[in-house]
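Below is one structure, written out as structure tokens; the observations come after it.
For reference, chains read A, B, C, D, E and F in written order, and residue numbers begin at 1 within each chain.
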Amino acid sequence: MQKRYDVLTLGETMIRLAPPRWQRLEQADSLEVAVGGAESNVAVALSRLGLKTAWVSRLTDNPLGHRIAQTLRAHGVDVSHVIWTPAGRVGMYLVEFGQPPRATTVIYDRRGSAMSEMTPGDFNLTLLDEARLLHVSGITPALSPACRALAEGVLRMAAERGVLRSFDVNYRAKLWSADEARAALEPMCVGVDVLFVTQQDAQRLFERQSDAPEILRWLQARFNVGVAVMTMGKEGAMALDRDGCFYKGQAEPTPEVDPLGSGDAFAAGFLFGYLTDGNLASALQLGASAAALKRTIPGDLALISLEDLRQVTDQNEGQIRR
Amino acid sequence: MQKRYDVLTLGETMIRLAPPRWQRLEQADSLEVAVGGAESNVAVALSRLGLKTAWVSRLTDNPLGHRIAQTLRAHGVDVSHVIWTPAGRVGMYLVEFGQPPRATTVIYDRRGSAMSEMTPGDFNLTLLDEARLLHVSGITPALSPACRALAEGVLRMAAERGVLRSFDVNYRAKLWSADEARAALEPMCVGVDVLFVTQQDAQRLFERQSDAPEILRWLQARFNVGVAVMTMGKEGAMALDRDGCFYKGQAEPTPEVDPLGSGDAFAAGFLFGYLTDGNLASALQLGASAAALKRTIPGDLALISLEDLRQVTDQNEGQIRR
Amino acid sequence: MQKRYDVLTLGETMIRLAPPRWQRLEQADSLEVAVGGAESNVAVALSRLGLKTAWVSRLTDNPLGHRIAQTLRAHGVDVSHVIWTPAGRVGMYLVEFGQPPRATTVIYDRRGSAMSEMTPGDFNLTLLDEARLLHVSGITPALSPACRALAEGVLRMAAERGVLRSFDVNYRAKLWSADEARAALEPMCVGVDVLFVTQQDAQRLFERQSDAPEILRWLQARFNVGVAVMTMGKEGAMALDRDGCFYKGQAEPTPEVDPLGSGDAFAAGFLFGYLTDGNLASALQLGASAAALKRTIPGDLALISLEDLRQVTDQNEGQIRR
Amino acid sequence: MQKRYDVLTLGETMIRLAPPRWQRLEQADSLEVAVGGAESNVAVALSRLGLKTAWVSRLTDNPLGHRIAQTLRAHGVDVSHVIWTPAGRVGMYLVEFGQPPRATTVIYDRRGSAMSEMTPGDFNLTLLDEARLLHVSGITPALSPACRALAEGVLRMAAERGVLRSFDVNYRAKLWSADEARAALEPMCVGVDVLFVTQQDAQRLFERQSDAPEILRWLQARFNVGVAVMTMGKEGAMALDRDGCFYKGQAEPTPEVDPLGSGDAFAAGFLFGYLTDGNLASALQLGASAAALKRTIPGDLALISLEDLRQVTDQNEGQIRR
Amino acid sequence: MQKRYDVLTLGETMIRLAPPRWQRLEQADSLEVAVGGAESNVAVALSRLGLKTAWVSRLTDNPLGHRIAQTLRAHGVDVSHVIWTPAGRVGMYLVEFGQPPRATTVIYDRRGSAMSEMTPGDFNLTLLDEARLLHVSGITPALSPACRALAEGVLRMAAERGVLRSFDVNYRAKLWSADEARAALEPMCVGVDVLFVTQQDAQRLFERQSDAPEILRWLQARFNVGVAVMTMGKEGAMALDRDGCFYKGQAEPTPEVDPLGSGDAFAAGFLFGYLTDGNLASALQLGASAAALKRTIPGDLALISLEDLRQVTDQNEGQIRR
Amino acid sequence: MQKRYDVLTLGETMIRLAPPRWQRLEQADSLEVAVGGAESNVAVALSRLGLKTAWVSRLTDNPLGHRIAQTLRAHGVDVSHVIWTPAGRVGMYLVEFGQPPRATTVIYDRRGSAMSEMTPGDFNLTLLDEARLLHVSGITPALSPACRALAEGVLRMAAERGVLRSFDVNYRAKLWSADEARAALEPMCVGVDVLFVTQQDAQRLFERQSDAPEILRWLQARFNVGVAVMTMGKEGAMALDRDGCFYKGQAEPTPEVDPLGSGDAFAAGFLFGYLTDGNLASALQLGASAAALKRTIPGDLALISLEDLRQVTDQNEGQIRR
């Protein structure tokens, strides 16, 4: 029987403000507005690729909150389960794009957001029965103790109800220390069907300095996950399934227009493959293509179609289609 | 002996974000950045008119905080007494400009700001000895109990040290109820040298519905102030001094480009006259001219000179100076 | 039993391009992009006010077509019944905003649009069973013979199935002559539940020069409609129901930011009242408020909420909400 | 026999820089670029209305100079007689648009421009034989002694060769004093076929405070001109011909988008009527319509057509053409 | 005897709309306006380099049509032979700039344009007697059967009158299939004095996969052209004259700002050399420099001077001229 | 005893106007406004790094002049010694950013500026007693004979009063010839404590073609300077002290966002190190880091902090800090 949602996500989405390239925040006279959040970025991309998605969160009932809901809805994500509140505020983040040696820098301004006060009791558990897969990231437990309980609870309930679970570690050093994050995130990784981690997070969080296959084996052994997927920047990505099979995907080299959200685009591309034909090699390829396209698009959202993904492999540099 | 500062102010200054006219916040793809806060608006205008001013506050040490300090410093306000902290956040406000029947609407996002956690102990009292006049507004006590204690304490200490005191009631209904405000603000009004209040605030806060002279007499009687000044929008402004003399100023009619900060420009114009030649009639006129010019200038700040103020009276509508 | 949709609409929606105010098309170096179409404008406003709406149309499967669908979906309009085609083009219109004596001028560039080739057979008639009211405008039959047959057919089928019908005359002199329009539109007006017409169209199309009540009586007599509603610009609007009762609504005076779509906002406000409490006097008021707010908002869409409508009556000119 | 040019003009054209409305120069982060000069403004408008025009000047051979030539050429003005030089600079002016009581202010930065160093010998006198009318303004003699000699010489030679002559007094108080201007301009007014003067200049320069007919009679008597034309802002314009006939034109009231160049548009509209059918009443009407349209268009140039002029009289306020 | 025009061109020119870099069309809130068309791009560049050019086309008499004419006229192209019509529309194209792996994509929206309905009878053949060289591209015959007849007819008449002929193959896969194009274009290539083709078109259209010299020999043999010129992207360009001499030009490597129109800039640079000193080696160099500069300039037009071309060879990377 | 200023500078600062990237000046419809001048660029950077600085100059009392003063004051530079005059103009420069093979080109428009008429008598010599180091550049003597006398005089007086002196050769080929510059600058180099020169200027001005160490030895021998510092673009920089010790610094490779002002940022970074710990190796490193960061920031000013400088060495390409 087909379920109402292919993918259900839960998390915080923020208003993103950025100076026009390459200005400093100090000097910008206008800030470009976008909408971004790790989990809803995944939902938008999956919805555009053709899957049915919903995003659960808590938003302040003001124009900024409505803007977030409208943006996600525009791309087909079901936002009807969002909890609206007159209290709190809408989380924001500011991003200043730099060219080396100047870093691209994020300033979070999400303290006191409506989402950070969402509790396990706010989540309608019957939604889990309507979803094929639940996608959660390691950012939510960093927001507040309530959110940590929420993320843990929902993941646990999903397991109990036989819903597939995908978890993206997504360590954010500006939100908590590596020690705090490790303590919170390790239990959440256990037993998930798909575990996403960047090589940098594997190093910072799990203190794995070894080569990719070894790290994946360690993750597999420690957390007993269905598939462990590690992204390695320009080195591409690698996956390890329960049968011990390794899969390797190449990264598409791209000039960088906007790196934010490319990890989420990768996750979406991978999950699309995972949920449609289950071929992990092609899932890695879809993830790499989605991430590469995202890096060429301003904003957090991967404004791509399945057709776009398919054209990545044929692409000749500098070609004009006319 | 001349003091280091003509006017010392204390208060919170925020990053202001506004959609390009007349867009709604929902639809704006960029937000224009400005810097505004009632007290620093007054300081900037006074500094541009030629007085020596300083602004005391507490700011988070990030690009937004530095932007605020730089903006005020650009106009000659001494910001060297600002307290920098790695904690907290920089307060923001969003403003959506409307034409009737759509209101111009402000959304405050200042909860948890560094300034809201400033305490009386943070204020270096020796500064009071260096100032001729202290200007405080009724917004500061609305920010937090700590800020209420701070504003009260500084006003009291100024009185003890013989510093002139100016107080602008500035009731903000989005920050606290009329009852709360009345309880906090009434004691602060007592005995100040200059008390500014809008007719609307006199009605909402002090429940005075009578005509202007009567309200002014009531304020004078109740708070025993040096000069009570009431602004009445298009009806101009009126002042009452301790000798019972009334002064009336006309408002300059203006098409409205940006109304934010025009009350502060009025206060600055009035204080300039009050502190330079002490003629209340011309002080009211300076206030009206400054407020009118401010309404024609985008942003909270009155980007005006003394020369500009003087030209307002000669101005013929639609004239081009070339 | 509750139906899936409160209001079902059918029509063409275009990409709108406009020079920044008040540039001429000749000189503009960038054009602002918006999405607009009479029927979808109504659907967006109704959806934002809380009704369930759907919009049926035919769109070329390219980024401009997707932009239209996303924009409507963002505001909650169901666009899942849109027919996508690789052929044709997406209709456009250019609008140059003028101040008197320069007119605001529209250049249509909608020839050959995918919608203009939609035929009666493309419309899934079972949709009519899911809607409480069908809203059609007199623009659709102007697009092509196929569209004329489509609009006539759908209106007829709706009548047969007992669906409420609303028709907005919307004569467009740049699309067809008054004679052509009269011949096509008169049969479509017969028997509808709500008929919207501007006084100017009553004059140009039906050659009625008399006063408003008389024109309404003529419309009622000739077309046997449920409610005839006539808008008269600054003179407000008037309605006449089958019982011969007249209702009068005042127009809200507004400085004009963007007049496009205000007629559609009026229709949406009126239909909202008509469908919720059925009080025609308050329906006229809601229509007037919606139209007035729309005129203050850039773009064709009435980016308003029920709360916004309610605040129109309390609004004091020039007030700032803070 | 038809001449190569209907109207030949001579003067300085500048790069115009303006902050976005209504910013102050102090705060603008970008300046809008336009091209403007009294005489070339007239030439552009006349060319767009269908006459053959040429503009003579001296320009520095750099991108700013080329931009000026390209802009004029785009509208059909012959710029092939411009003298190019590697020396000097391209004149600029900055304009800050104000709403009352803030004035719209012009800062000239034209000292040392290539045009200010043009001498009588630079002007190819044979050009005069190819033109029906020569149009000169009182700005040119204000630029430098060389330019004064140039303007005087060319006007004199034109008279000798039987070319019609039009002179626009155009007093610029920021370039010279009223005394200097009077001394230079009076001799140039003598005997011209069309003399344009604003009421303000008649007052400032010729110290005529009387009513319009009397001033016109005084001008006629003193300078012995063919037609004296005086513009009076919102009071319209009045002309007096050699036969002592008075003609009166109404001003079109307009909200003011950009007042710069509206006097030049008036002159162009008047000259168009003067040169085509010679009816001074309709020439005044054409002038008024051109000036009104210009005020609604950003930039110095009257981007209008003959068709636009004709529609001004039919125009209903707030109408949309669609 | 010198002719009135060095180069006469014929073709369609469009309004070009592009999202700000690197936005997707879906997300852009404004589109940048430019003017572009293969043949007028060539005319503009040649005119800027000092040759006398004219462009013949058919345009709808509306602001978009006038904008095209003004833009070309600004750069000195004679547009007085354009045929104006109230009917049809002005062709448009939308371009979305991508970084790899996202392609730069063009959406043509030129169906039903006024030019597509131009017929051989619309072309004033006496113009051919006034031109030294006629430049036509393979885009025109793709627009409509009428345009194909037009292009064929004009090329044939030019041959009969002894006018030099230049033909740029310019295959556009979005307008017609390779088979259709081959059938139409091959006869038009026969006997022209200069034939331009890209290596990609030689492969797609003429199915030549061999190396450059062989392809050129094949083109020479098959079409009996004066000079065959093939551009090969980063590999530079090669030419073969009737005497069997080969010439090779290097491409200038450039970071790509805007690739559109660089082929036309190449053709203009080459034709400039061909028509002035006839040295094919330096003509290839001028073409390469013009194309390289064009790629650094936003818009279709090569806003360059002869001086700019000459400086390309001296250019040191990253140098600032000050 | 601590002095009032660590660094005192003297020079001209201009309004900088630039088309948005990568437009040509010909086509730009708006120009971005910034403030720049070699010496004030150094002062701003040093002030941001924590030193006390002042800038002396002469400015016209208009909005452009005030903008310059405000901008410098915003960053903490003391501008209270600026001489204000109603006469003259504010110098400007236009910069068009090019990608190779198109050069980045500067057009100076500084003739007749208020600063160019500053004379030695305008400089308050007692200021020298309040400064630790005086920084002058070779641009000032190029402005006018008065400025040459001014720069020479101030340098000489500084020497007499025992103030440290830093001199940046900064040859500007658009202002004077190499011969003129050499004659003027050589005497000014003699005996300074820090001499900055680019390798290109060493070649163009002093005709030294040899390798870096040799050129430095030549400079040392000829001018008897404390430290000679030569920058060599991507080759880094090298310094030679009086003891004959060589120091070498690496350049940080950066994609170039805005190269203007990077030489000044280098000087500021170096002087910061020189004045704080005196270690020339780390001074070179600070200079290189400041210059590299500057190149990533739009505008002439190095909007950097000491913290930013320190992070340059840790920076990993493409990293996001979040």
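The rule is short, and it goes like this: contacts are C-beta pairs under 8 Å (C-beta built on N, C-alpha and C of every residue); 3 or more make two chains touch, one makes a residue touch a chain.
None of the values given here were measured: they were computed from a predicted structure.
Using direct touches as single steps, what is the fewest number of steps from chain A over to chain F?
Counted as steps through touching chains, the separation is 1.
By label order, what chains touch chain B and chain C together?
In this structure, the chains that contact chain C and also chain B are A, D.
How big is the rotation, 0 to 180°, that puts the C-alpha atoms of chain A on those of chain E, in steps of 5?
120
Matching over half of the contact pairs by residue number, can you pick out the copy of the A-F interface from A-C, B-C or C-E?
B-C
Quick one: report the Å distance separating chain D from chain F, using the average Cα coordinate of each chain.
Centres of chain D and chain F (C-alpha means) sit 45 Å apart.
Could you put a whole-Å number on the gap between the CA centroids of chain D and chain E?
Chain D and chain E have C-alpha centres separated by 40 Å.
Counting only residues that touch at least two other chains, what does the list for chain E look like?
Expected reply: 24, 26, 29, 70.
If I apply the definition of touch given earlier, which pairs of chains qualify?
According to the stated criterion, the contacting chain pairs are A-B, A-C, A-E, A-F, B-C, B-D, B-F, C-D, C-E, D-E, D-F, E-F.
In the complex formed with chain B, which residues of chain C make contact?
By the definition above, chain C touches chain B via 252-255, 257, 289, 292-293, 296-299, 303, 308, 311-312, 315, 317-322.
If you look only at chain F, which of its residues touch chain B in the complex?
Residues 70-71, 73-76 of chain F touch chain B in their complex.
Which residues of chain F touch chain D in their complex?
17, 24-26, 28-33, 62-64, 66-67, 70, 89, 92, 94, 96, 107, 109, 111-112
So in the complex, which bits of chain E are touching chain A?
Where chain E meets chain A, its residues are 22-24, 26-27, 98-106, 108, 172-174, 233, 256, 259-260.
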